[in-house]
Amino acid sequence: MDASRFEPQDPDFAERVRASFAKQGAMQTLGATLAELEPGRAAIELAWQQGLTQQHGFLHAGMVAAALDSACGYAASTLMPADAGVLTIEYKINLLAPAQGQRFRMHGLVLKPGRTITVAEGRAFAIDNGREKLIASMTATLMTITGRENIRH
Amino acid sequence: MDASRFEPQDPDFAERVRASFAKQGAMQTLGATLAELEPGRAAIELAWQQGLTQQHGFLHAGMVAAALDSACGYAASTLMPADAGVLTIEYKINLLAPAQGQRFRMHGLVLKPGRTITVAEGRAFAIDNGREKLIASMTATLMTITGRENIRH
Amino acid sequence: MDASRFEPQDPDFAERVRASFAKQGAMQTLGATLAELEPGRAAIELAWQQGLTQQHGFLHAGMVAAALDSACGYAASTLMPADAGVLTIEYKINLLAPAQGQRFRMHGLVLKPGRTITVAEGRAFAIDNGREKLIASMTATLMTITGRENIRH
Amino acid sequence: MDASRFEPQDPDFAERVRASFAKQGAMQTLGATLAELEPGRAAIELAWQQGLTQQHGFLHAGMVAAALDSACGYAASTLMPADAGVLTIEYKINLLAPAQGQRFRMHGLVLKPGRTITVAEGRAFAIDNGREKLIASMTATLMTITGRENIRH
């Protein structure tokens, strides 16, 4: 997975994406931070919390997906025009191992950018006592939206 | 979608599923309740909260997915043996409309039960000023797990 | 699944869709016929052939998917403008049972039409000695394309 | 994507997989050959044919998917026990560009092997006048089947 070929249209993409991230109540509930942001690439980190667990005390698959979906969405957003918004049309997630750990890192990477449709891939890792493990993979389809004020950013 | 043909193996499925639901920190964070539980069918309800939003104030897609995935998982769980656990292997969600509303209802329904693999479908609805709108659809693949204590229920 | 609410924009949708179907070499290879065509709904039928099998002599999953994807695409196409083309962006298929039978019927139904994005659902059935069995389900995301001559229809 | 870490359980995996491939009528219809076979990895090649086309003369998405699904399935099969069969439970495909070209190459790579469930990823490329282009990506979930004679291999 190599994003080095991507050229952003909006030189201020990082500022724009960080402002959008700060407005998401869900990211605050997850305790998530935007750990990495490059053209075509984003990473989100978060720590284990009781309020994010399923019945065995692992991170809930839905919370893994929420962070991974956001990583994919922000990866796509870095390549969009300054006045555009991004909508997730759909995604698919495979849960590869229990989300057992103290910290979690979700990577999003653009596989194919497009004027209307962008496809991104995600990988989620659990860090359990210092050991990193792949716990989920995602493919997300995102749409660039322009000219709709309520969807901007 | 008609689940009337499903016969539970475990007559106490409802008690078992409700106990599992109560142990999920993520469901408490979502403010979710188990509104319906029949053989092969489950519904989860929740109310809008700032802590569940994306950048436009709508429900975050990840939170819609978390509740919908749980509805699918519990629908599958109703048909499993008493000593079995259920694991989500993967799911796909299509986000059909913005999750704009005051309340949300997520339905899970078993499409094909199986000894090892169960496939369930989900539908998420937003209730916005009394009007119900389909906002997402899901297909989830679940696995019955037996003999692993830490995955039971 | 009820498609009765769909109103076609193009009164000649059936003629347009049938002309497109006739141009698909893949549909001839499958021996497929367009068995049903209503606004928001299409069904494709085909018979078992040795050239469509996997290693156990059942219909190959990829051939089930090819016919089911086409049923979803044509269901979407019925609701599009006369000068538009339809592109499959992505689909997901769950294979629910071996594709064992003498004949097969694939249904596509629009779940959510849209100006740009349409979501359709598919169901594939095997007819084995007169008994019909659900063998696969699909969710497909399709895009309306206008103004590109080589993608029209 | 690096499969170098995979150790096959069956030293004769290549012979076993090739024998299965030879029995698939669908692969003959596609004119497909098994171009590469390593532990956790497989590639399938095929040439354009009129009988594999959609309405614009490009390769039909369903035919791309059939070959890509097989590449994923054979990649998984290389890591399975000698007496096991492999079933595709589900897959998702994103169609990234029109399948325009003279030859096509589909790669399957195991992302996460498992005793029961294996997840593989696929990439399809079109070779158009010597230029290779990514046209599709897939994620497939496969199940190891043992003890069922009619599903072996």
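Going by the order they are written in, the chains are A, B, C and D; count residues from 1 in each one.
Criterion: a residue touches a chain if its C-beta (ideal position, glycine included) is under 8 Å from a C-beta of that chain, and two chains touch if they have at least 3 such contacts.
What you see is a predicted model, and the numbers here were worked out from it, not measured in a lab.
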Other chains in touch with both subunit A and subunit D: B, C
Pair of chains joined by more contacts [C-beta pairs], B-C or A-B: A-B
Whole-Å gap separating subunit A and subunit C, where each centre is the average of the chain's CA atoms: 32
Centroid spacing, where centroids are CA-atom means, of subunit A and subunit B in whole angstrom: 23
Whole-Å separation of chain centres (CA-atom averages), subunit B against subunit C: 28
Where subunit D touches two or more other chains, by residue: 89-90, 92, 94, 119, 139, 141
Residues of subunit C that touch subunit D when the two form their complex: 20-21, 23-26, 28-29, 49-56, 60-63, 65-67, 69-70, 87-95, 150-151, 153
In the complex with subunit A, residue positions of subunit D that touch it: 92, 94, 96-97, 111-112, 119, 121, 134, 137, 139, 141
Contact footprint of subunit A on subunit C as seen in their complex: 89-90, 92, 116-117, 119, 139, 141, 143
